[in-house]
Amino acid sequence: MGTQSEMPGRRTLSRMVVTTLLVVFSAAFVVPFVWLLSTSLKPIEQTLSLPVSFVPKAYYASLGGTRMEVTMDFQVSKAGAVVRFLSGEGAGTLGYLGPEQLAAQSASVVVVHPVAGGWWHVTQRIDRRLGEGGPRPLWDVLPREQIDSHVKFRWENYPRALAAIGGDAESDRHRVGFMTFLGNSLTVAILGVLGTVISNAMVAYGFARLRWRGRDAFFALTLATMMVPFPVLMVPLYGVFKALGLIGTLLPLWLPTWFGSAFNIFLMRQFFRTIPEELSEAARIDGCSEWRIFWRIILPLSTPVLVVAALFHFIFVWNDFLGPLLYLTRKDTYTLALALESYQTQNGGVQWHYLMAASAVTILPVIILFLLAQKTFIRGIATAGLKG
Amino acid sequence: MTRSERKRLRSGIGFTSLWIVGLAAFTAYPVVASLYYSFCDYSILKSPVWCGLENYHQLVRDDLFWKSLRNTLFYAGLSVPLGTVVALGLAVLLNCEVRGRSIYRLLFFMPSIVPAVASAMLWLWIFNGEYGLMNGFLNPILAPFGLHAPTWLADPAWSKPALVIMSLWGTGNAMVIYLAGLQNVPGELYDAAAIDGASAWQRFCHVTLPVIAPVVAFNAIMAIISAMQLFAQAYIMSEAANGNGNASDGNPARSTLFYTIYLFSTAFQDLRMGYASAMAYILFLVTALLTWMAARLSRSRHGDAI
Amino acid sequence: MPRMTRRAFRLLPVLLAVALTAPAGGQEPQGQPRVHVTYWEKWVSFEAQAMQQVIDAFNRSQDRITVDYYSTSLVDRKTLVATAGGDPPDVAGLNAQNVATFADAGVIQPLDDFIRGDGTSDKEWLARYYPIYARICSHGGHVYAGISTPAVMALYWNKTLFREAGLDPDRPPRTLAEFNDYSRRLTKRDPKTGRLTQVGFLPQDPGWWPWIFCRWFGGSLFDGRRITFATDPRNVAAFEWIQSFTKFYGLEDVKLLSSEFGPWASPAAPFFTGKIAMVFQGVFYDNYIRQYKPGLDYGVGPWPEAVPGVRDFAMAEADVLTIPVGARHPREAWAFIKYINSCNPNARTRGELRGAELLDYLQVKASPLQVWSPFFAEHNPHPHIDIMRRLSASPDAVCIPDLGIWQEYFREVISAFDRVRLLDATPEEALGYSQARLEKSWDRYRRSLERHGQWSALGEVAP
């Protein structure tokens, strides 16, 4: 917080400095998102071109008398010519020759038009699948002025990326649809949130609002379990789930949440303790059972902490990669996180525009959730971090 | 026990019953089983056979174990201090009275909730040696000096720094905590310092820092614990950067072979679960030590935090 | 109206009963639903399509089993994980190098019981294959796999370059000495710069199986009990031979030349662009030549004689079909594997091909079975099928050793190979280093097998 004793001029200066820094840093934090969106809206050839650009474009030129969309492939460095071969294997076809080759083969070619240095080789842009056949695209070498361009967002990348995320539509008989992955993620998230909220509220109530023998020792034990890193639990848990025949299903990802988690117990207990004891006392005097007090009085008052716990868990599930990697063996049970990761390993080369589109779709629900519940989020994190 | 004590005990156990089951099945049993497995030759396809300290002996002589430890410490050693400085710096900036604070706060925080997989994909692309944004930005700057930007994830020397940079993008989390901490600094302290004629910098060093030091230390320790368990991003990025198949080797040249990744691959690819359990227990000991230190710090600040 | 309705109601249960129990038109009588067998396989594109055709034929040929093909990347790792988790596929398409390791680890189950259940003995079953493939399918005296795609390696040479060097293009080198001589004569340098423009042979191209040179020289990698990588002098001789190439060409010159090589599956591959005159490649290589360098004038022949008296040395490997432990439908899985490992020995037309021959016909490979139908033998699409058949049948064919730690051994061989060919170490040093590490590893592995009571069951294994 600023103080009152600075001179007005200095305060303005420092405010300008701060604002500038904030603008610069926030730009740095935002740029990756912009790059994500920009790549997802580009055609494949523009993702693999230098220098890097943010704006997806469409280029047009006149080939063979018709105006059509083209890709800008490369610039020729030296003057030469577009020629038609008169003899040999490629008789009748067009080609581009540099100056030395032109001189050498001048007898066996006919010059269609000369080319100056710096001109661009362009090819007709046909929206084809990889490996699909068809007529060979037209091409030419033209000066930059003869090529028009304007901004064009390739929104079609999104449905295509989502269609391909579970397997190539053409060759994969067992491809899984995007909605299946989404459904799996949602299943785990919703069942997990329910389990988290219900089970931890009950347990936290037991620790916070009731006095009983061994409570504090038990709670200390609960806290102690927070320092057990997951890798320690990983192998035996896997064995437990295997014995139950649950490997390959979604259950290991949400079932444990119905049995409490130390962090959420701690969080909720903190909150429950802030509710005045008099409310409970009054209800007890009226003859209410503990369960009714819990259900009717405490829970309704606890919406803030329940929402925070729910949000945190949702984010955790959406983010979780190790869990699905461990427990899910069949593609049709994959969550979005795992599907996205395996999308990247399928096919030969990575198709960045599709991968970015798929990533953007994965990020979107979380961003929306965040924008709707900003304050809760931030307050929740601050509480957790401060209270330690 | 008196009747009312018994009644209250029943109540307490009733409410915590789910957790009792959960604790036993999903925490207590695995912790004990893991310890047992760490002394056994165990692949989940064959029953465990006791082999004493052999796993631990082998660990000590395993150069990959030490490499993974070094990689992990290197990563934690870079990402935690840098992350703390960045988060604290941003928090200090946000603490000033300027317009539009909440928008900046939003922008800084958003990356920290992006799912790890999506974030890894994005940064994989940003760090692409040829067409990525990072080199698209750096190469024009370096070219006049005759230098070339590194290939990041394909270069063993730069793969960990790339991961560190990626982790800095996600410091919004810590920033929010520090911001709250800064806002809890009592205004009177600043006033008193101002009266004594302290400059802004001096105020920062002598008022702000001491007050938030425990918060920073606590969160730094938590960050170290979390950095030691880095998995998803490293797994994905090393797999992608080096063609299919070798995610768990921490390519290139095992530079991104982190502790948890080596553990995971030992357990679930080599099926040497006893060995992996030994590694897990070593991690447990280190984490426990760090957590204990963090708890001491927290307690010293709050008095009785619990 | 009411009366009709009441009567209708009374008839209703009868109608329902009839409707539910009577088979619908077109269904199999006694509607036993088909068993679905999950089959995980690594192939994509035309190899996958070929297998899909064979699967369709299998599904059509009987009404009990439907095989579902799942294209799976990293299939060996995924099979391991799925089996460990108790949710494996019924058939896993692995590679020969996985058999020993997975069998020892309890990931795949022995097929002996299935074989015996059909009324044959293991020996009789294995007799259908060429001996080398029978070895690939076995581990520790049990059968663990069936063959899906066999591959055998031969010598490929560039006839044009032979002509230019004044060598008979139809006569490949027959002995090791001739091979070395041809290699020298096929090496060319640019007269102005002295840089290499062409070499006769380069051990690192393709460099996928550097261990084969040890076996070619008559060395053994594993004697059934102990690692013999460094202890067998013939292995050292092989590595000296490997190093001799770098010494002959010059290390920097080789590096410069290598930097011009394109990927092996592209028109810029060194064999295709005439930078290397001779390579050892597999039966599948002809497909790639056809795709990337259709005009190439090349020949295919047997390995030159390195050990006196061993005429038809060859290396064989294969993709295999296995049944993971815990598979839900092992019997049906076995029925499918059996189908893929049988053929119609009397096929005289393309339409009569079955099983292994149909698959190998479509994938343009040789068949691992000893008996070939007339159509497959005479109308095979592979241009050099006769050589491939001869080498498959050769008693001197070799495959990887039956060793549980083979994958690690393989990595050590590659590492020693790189050090030796880059002149970073002498053969003795490199082999000795790897030998030490492998001995420790093997020791530990064997102790683990002993602990689980598996070592004595393994018995002596063939090197």
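Chains here go by letter, A, B and C, matching the order in which they are written, and residues are numbered from 1 within each.
Basically, a residue touches a chain if its C-beta (ideal position, glycine included) is under 8 Å from a C-beta of that chain, and two chains touch if they have at least 3 such contacts.
It should be emphasised that the depicted structure is a prediction, and the values quoted were computed from it without experimental measurement.
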item	value
Label of the chain whose CA centroid is most distant from the centroid of subunit C	B
By count of C-beta pairs in contact, the leading pair of chains	A-B
For subunit B paired with subunit C, centre-to-centre distance based on mean C-alpha positions, whole Å	43
Where subunit A and subunit B are represented by their mean Cα positions, the distance between them in whole Å	20
Rounded Å distance, subunit A centre to subunit C centre (Cα mean)	39
For subunit A, residues contacting two or more additional chains	238, 242, 345
Residues of subunit B engaged with two or more neighbouring chains	44, 244, 268
In subunit C, residues with contacts to at least two other chains	73-74, 81, 84
In the complex, subunit B residues that touch subunit A	1, 5, 8-9, 11-16, 18-19, 21-23, 25-27, 29-31, 33-34, 37, 44, 90, 93-99, 103-111, 113-118, 121-126, 128, 130-133, 136-137, 140, 169, 172-174, 176-177, 179-181, 183-185, 187, 190-191, 194-195, 200, 203, 215, 218-219, 225, 228-229, 231-232, 235-236, 239-240, 244, 260, 263-264, 267-268, 273, 276-277, 279-281, 283-284, 287-288, 291-292, 294-295, 297-298, 302, 305-306
Residues of subunit C touching subunit A in the complex	44-45, 48-49, 52, 68-71, 73-74, 78, 81-82, 84-87
Partner subunit B, residues of subunit C touching it in the complex	73-74, 77, 80-81, 83-84, 105-107, 325, 444, 448, 451-452
Touching residues on subunit A, where the partner in the complex is subunit B	1-6, 14-15, 18-19, 21-22, 25-26, 29-33, 35-36, 39, 47-52, 199, 202-203, 205-207, 210-215, 218, 220-223, 225-240, 242, 256, 258-261, 265, 290, 294, 315, 318-319, 321-322, 325-326, 336-338, 340-341, 344-345, 350, 352, 355-356, 359-360, 362-363, 366-367, 370, 374, 377-378, 381-382, 384-388
List of subunit A residues in touch with subunit C within their complex	167, 171-174, 238, 241-242, 245, 247-248, 327, 329-331, 342, 345-346
